[in-house]
Amino acid sequence: MLRINDLTVGHCPDTPVLRSASMVLPPHGVHAVIGPNGAGKTTLLHTIAGHLRPTAGHIVLDGHDITGIRPTRAARTGIALAPQGRLLWPSLTVHDHLAITRPTTRKQDRGQSWSLDQLLDLFPELAGRLRHRAHQLSGGEQQMLTIARALRLAPRLLLCDEPTEGLAPTAAARIRTALAGLPRYGVTVLIALPQTRFATALAHTVHVMTSGRISPALDPEIDDADVLIRRHLGLTTAQPSSGPRSPMAVAAGHQPPTHSRCPSSRDDS
Amino acid sequence: MSVDTLTDLAAGRILRLQRRARPWAGPSLVAVAVAAVAATPDGYLHATVARMLPLALLAVSVAAVTGHAGLPTLGQVAPYAAGAYTTAHLALTGVTLAPAQLLVAAVAGAATAGLLGALLVRYRGTVVLMLSLAAAELTAITAGQWRTVTGGTDGLAGIPAAHLLPGTPALTADRPLLLYAATITVTATTAAACLLRRWQSLLTAVRDNESRAAASGHPTTGYLWITHTGAGALAGIAGALLIHTHRWITPADVGFGTAALALLAVVIGGPRCLPGAATAAVLVLTVRDVAAAPWPGHAPLLLGGLFVAAVYLLPDGLAALPAHLTTVAARRARPAARHTTPPPADRSPA
Amino acid sequence: MSTGQSVDAVDCVPSRRTHADIDRAHGTGLTATGLRHCYGKLTVLDLDAFAIAPGDRHAVIGPNGAGKSTLLNLLAGTIGPTTGQITLHAQTITRRRSSWRARAGIGRTFQHPTVYPGLTVLDCVRIGGWHHRHNPHHTPHELLNLVGLAGYADEAAGHLTHGHRRMLDLAVALAGQPRILLLDEPAAGLTDTETTQLLDILTSLPGWLAMVIVEHDMTVVTALADWTTVLHHGRRITDGPTAEVRADPTVAALYLGTPETTDAAHQ
Amino acid sequence: TTSADTTAVRIGLLVSLSGTYTAVGEDMQRGFRLYLDTHGGKLGGRTIDLVVADEGDGPATAVPAARKLLERDRVVALTGLVGGATVDKVQPLTTERKIPLVGGNARPAFAAVGGKPRDLTYTWHTSYNSDEPGIAIAEYVKTQVTDGTVYAIGPDYQGGWDELRGFTDTFTRLGGKLANPDGKALFTPFPGTENFLPYLNKAAESNPAAVYTFYAGAASVAFVTQYRKSDLADVPLYAAGFLTEGSVLSAQGTAATGVRNVLNYSPTLANTANQDFVAAWSAAGYPGQPTTYAMASYDAAAVLDRALSTVDGPVTGEKLNAAIGTVGRVVSPRGDWQFHPTLHRPVQRWYLREVRPDGPVLSNVLVQDLTTLPAN
Amino acid sequence: MDTYLIPAVDAITYGLLLAIAAAGLTLALGAGGVLNLAHGTLLAAGGYVAAATSSGTWTSLALAVVAATAVGAAGGAILAAGTAALAGRGHLHQALLTFGVALIGADLLTTIFGPDTRRPQVPAPLDATLTVAGHRYPADRLAVLAVAVVVAVVGYAVLHRTRAGRLVCATVDDRAMVAGIGVNPRTVDATVLIASGALAGLAGALVTPILGVGPGTADTTLLLSLVIVVCGGLGSVPGAVAAAIGVGLVQTVGVITAPAWAPYLLVAAMALSLLTRRIPLPGARR
């Protein structure tokens, strides 16, 4: 489905974030990229979706080279991105978000098509908020809308950047079920996650990403999830140091500083 | 030697100069320029440059509000008008001492801007722009209507010249007037730039994320109000300077047209660069009043051309011009790096 | 209570806090009474009483859109309540702005942190500690060290990744030397290691510091909070010691989901 | 600037070539050039190096341009000047440098500043004072309306105030009464008023026997066309002649028919000077009929012509100014006139004109002589 | 009562006349987020073209309307090409560019059409007056009223009820995500500016028979349009129509009721409407 060869990409020319990263995603499955903050997960997803231009390497989707295509073309090729940071359109209502987004690919290239009702079944929290503007939503509701919008494109390749961030456990579970069901419709899903537990429970293959490089695929069914996690942890940081590290801890048990009692109202002009 | 290499050399030279003498490069460059102008025997040149400085100082004040406080404003003409008409009346009633006039004008400007700011700083973006447009229009209308004070729509003329100190000759000769106006402009700009540099990180914080700044205990609107009021004092001084260099005033001088020129000069000058704004104001007036003289009637055309050219050639303003040249030079030296579109995550949220 | 009960039927459940607790909070901490916030006709928060005394570790959980962030915004003064009263040290602060409250010792983090994109990471922390510049114990560098961003001190904050922004937001909040710290989903988007690190930081904070944590990650809630309030549709469903609340079947049905989804999401 | 031989005399023409008053400025330039062209490019036997500068919308652009003419080009006389505010601000500059200012259009009141009256030695105008049209027509209007009242309306700026004051003061002194409810002329915001209907319909409620007004440029087009569509349509309209002067008349079209107005010039005046002037105007290919603006500027050239012919040796501002004081009777398309010895503006006849078809086009046709101003 | 009948009718017709003049800017600034200071110049261009084309017959009037619209659209296309490179650089850079274009355009217009005020000739029936309740009223204004209603209804339907209208808002909010759903944001930008230019040109043809067109037209129109668009809440067609009628009221009933305050009324009304607005404007978003 998706093949990435020696991809090099960065935000400024001199310091690439991904360095010769390669990865192969078999079709019709859920795949996860896990890695610590700053590993480059978001960068990878944005590059596939066309928001960043790689300086070297190739991205091949179903045999077509899509390296460096524009986001518009990427969407029309069947790639949808549910970005991190909920990039919604603040002045549009929830309903508008879902109404203006529609599948842009030819019928036979589409993944599962979601009607408005189906999406509201998936996210009942949004049903009562259809007339609200995006900036009036709670954090979790925004996250739901981001994913609903991506699903609405009926993509062949769905890129989800930390999809469950800020979601309550029940909502997260619903998303998990929905994503797990997508491969049946011929959709390939790529999720970027910082934690391992969601990935190991859901994904068919897991890639570990550290400082701009992507590990070969690991199969959580075969590989022991614990081993995977440990490998992941081992790759990320040294053992967290024990004992109090806070400078505040020095003052622990003492009374609060008295100099910052209520300031006089004069200060606040 | 090819033109390309020459440009490269120049860019490199500028960069090196910039690196070595950055803090005083600006003021000293201006000082040299003013001295060069003053050294010429050409009275017309002196007078012409001197007349541009009030608008330059007004642009500095607008830059402080627009660039640093993040409130795009056309309303600084209100304190400008307050300073100018106050100075005019002081002069007409016999107080011709320049320092006294400057002081009173600064106070009048600050007071006007303080009142106006109390309304403006509660708003952001386009609303501020339109409210300040209303302020500019109201200023000009009042200046036209309040005939006893402002002389009506034809304004005031023949205002007595100022004296630098008691007993010194009146500031009428072109060269002393230029030196005086340049000194005031450069001093005021430098002082404002230094003050703003000290508080720059605070103002950036307020602009970037107001609720975060407030949650860290910063009275954000208070900071904006202080900046607005301080800039008002600067505009008041600019108003006094207008009277000193022109010795007449009409409502059109404190209306929308002046406000728009000052704001556009700020855009050309570069965000948050006070000397850039002043330079751009001088540039704009040079194009309108000097460069366009051989083609009478086509000054707007030239001015329009300047604006369009500035948008494309100076994307980050005059302030970034040296750095811009350097990158051009650097790009010549190395093969061009591929441009990358910024990722959406780069944007600030709604 | 049966798990199938309609939540909308649940009226404001009185807090189970003891009078002694509330009195202590009234004298020395932060209390809110009759707090209500409406957007037009939509009531998003309706709480009869809410109290935090020094040293409290108080979690607020609930489904998305329950009004948790709204509660924090009201306590921090980012928005004003439609009705209700908030007191700090027995002094009414309902009409005080957020900047005043911050200086009075109420610090907070944001659910969607951006900090100040145009400043360097170090400057962000400096701005956060502007009112405590002369305190020798909390240099910005130390705080950056604490949250693991020491290597990024001179980066523009706008270039940080999402997870790093969250840690920076925490550092900025700590720089303000709060006595009451309001945390909005501090662990969202963090790796497991970083979550552990975050717990490390939060548990190492001085004992007198009161904390209100809004969080969906129950491991964090369990590890940190001794008291938990569950909100739904802006109302309190239940509150009590964290372990008890976790075991409550209504909470499980509403918030944690059926047992197997709970397990799947939080092995 | 054109290259000129050493004996060429340099004269500055400062007119609006951009902005709101461009139409007037262009007319003035045409008038001056027409005189030069019909006189072989010479005034007083000397080759003229005419330096044109743009006045723009007012003093902000006009003063730098004037300084350039005075200090860079070192002109010996400055002519043109469309706006009153411009004249007010440029006048001190020319006086200081002892350069005669021969204005061809607005002449403001030259308010005294600091208790000192202005020194007008070097200030001349071939036009009129802004209040003179009103003074000239007031008596005629009084006889026409007999016992009726007149509604006065004009634009809210110095020019409008002066024009209306001339009429209302004289009219009330003659025993006339204004129809305006408060007995004072109504002023409409300027610029910016383009919808006059509400004002006109409101004025109709006071049942005036006539309306007196002054507008110029775009506002006059809107005023006249809307007047004919308002409740006042059948009430006689009297005006300062600028209301229907020049190109605005063709934009107003038939709506302007019947407007009676007062001015110091009409293209239908029967004197030979005017017939030559109108013929030269058409021959030069200029559009329409000549206007008072063009005529006044043409006369400014005539004044300079006569004055220069009496100057001996190199021309200086002082010598030229003294010569202007002695030009005496000027033969002009408006009829002969001469400078008032102290006021330095023409003592001239004022005419009543009416907009009527004159051949295929509408024209301000001469009806009768009114009076000579300034009196004595 | 009767005193205010005709002014009230006039307030509405004049307000809708202004609504037409502001329609292009409502689209460009309100919906498309481009601070287009060349709007007045485009309208003036349309007016001049109409004045040059229209000769008093119905055919020539129709031709004038078409020609003016085409010229406006062409101007919009130039602006679209010019502002394409400025995406993401903020309102002030757009203002700088469009102001420059406006100055250049104004100079070209006076060079081509001369500095005189012009007025297109309309067919005689439109130039006549009707008698309403014993008062005369110009027929051309009533005709414009009808057109204004059509423009407003169509504008409302397109901007607030179609996908295209919402895409325009979405593009202002976040271009990258619009691209992410397969719509090219540049196409949206260009369409908005061309349509806005066409509307300005059309307005020129409709408004100038009543108000005339000259060198000052561009500035006056721009200012009034800005007031209407911003007071109307940026991008809301009903808001803009309401604001236009409000301006119409101020400029008719207001100025004759309080003539002494006439110069201040418009600006003061605008400032008040902004100061008392509870909901922050979309433009105020950061």
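Letters A, B, C, D and E name the chains as they come in the text, with residue numbers starting at 1 for each one.
Convention: a contact is a pair of C-beta atoms (placed from the backbone, for glycine too) under 8 Å apart; a residue touches a chain by one contact, two chains touch by 3 or more.
The UniProt protein names, listed by chain, are A = Amino acid/amide ABC transporter ATP-binding protein 2, HAAT family; B = Amino acid/amide ABC transporter membrane protein 2, HAAT family; C = Amino acid/amide ABC transporter ATP-binding protein 1, HAAT family; E = Amino acid/amide ABC transporter membrane protein 1, HAAT family.
Nothing here was measured: the structure is a model prediction, and the numbers come from that model.
Number of steps on the shortest path from chain A to chain D, with steps defined by chain touch: 2. The fewest steps needed to get from chain D to chain E, moving only between touching chains, is 1. Contacts with chain C and chain E are shared by A, B. Taking A-E and A-C together, the chain pair joined by more C-beta contacts is A-C.
With every chain reduced to the mean of its CA atoms, the largest distance from chain C is reached by D. The distance from the centre of chain B to the centre of chain E, with each centre set as the mean of the Cα atoms, comes to 32 Å.
Spacing of chain C relative to chain D, judged by their CA centroids, is 76 angstrom.
Averaging C-alpha coordinates per chain places the centre of chain B 45 Å away from that of chain C. With centres defined as mean CA coordinates, chain D is found 38 Å away from chain B. Residues of chain B found to touch two or more other chains are 144, 219, 298, 300, 341, 343-345, 347-350.
Annotation for chain E: residues 107, 173-174, 176-177, 180, 223, 263, 285 touch two or more other chains.
In chain D, 18-19, 22, 156 are the positions where the chain touches two or more neighbouring chains simultaneously. Residue ranges of chain B in contact with chain C, taken from their complex: 201-202, 204-205, 207-209, 211-220, 345-346, 348-349. Across the interface of their complex, chain D is touched by residues 43-44, 47-48, 51, 92, 144, 151-160, 246-248, 250, 252-253, 257-258, 288-290, 292-294, 296-300 of chain B. Chain A makes touch with chain E in their complex at residues 49-51, 70-72, 74-76, 80-81, 83, 87-92, 96, 99-102, 104, 135, 149, 153. By the touch criterion given at the top, residues 18-20, 22-23, 25-26, 156, 186-189, 191-195, 197-199, 201-202, 205, 217-218, 221-222, 225-226, 229-231, 233, 246-248, 250-253, 287 of chain D touch chain E in their complex.
Those residues of chain D that touch chain B in the shared complex are 1, 17-19, 22, 52-54, 56-61, 63-65, 67-68, 71-72, 84-85, 88-89, 91-92, 108, 111, 113-114, 116, 118, 156-158, 161.
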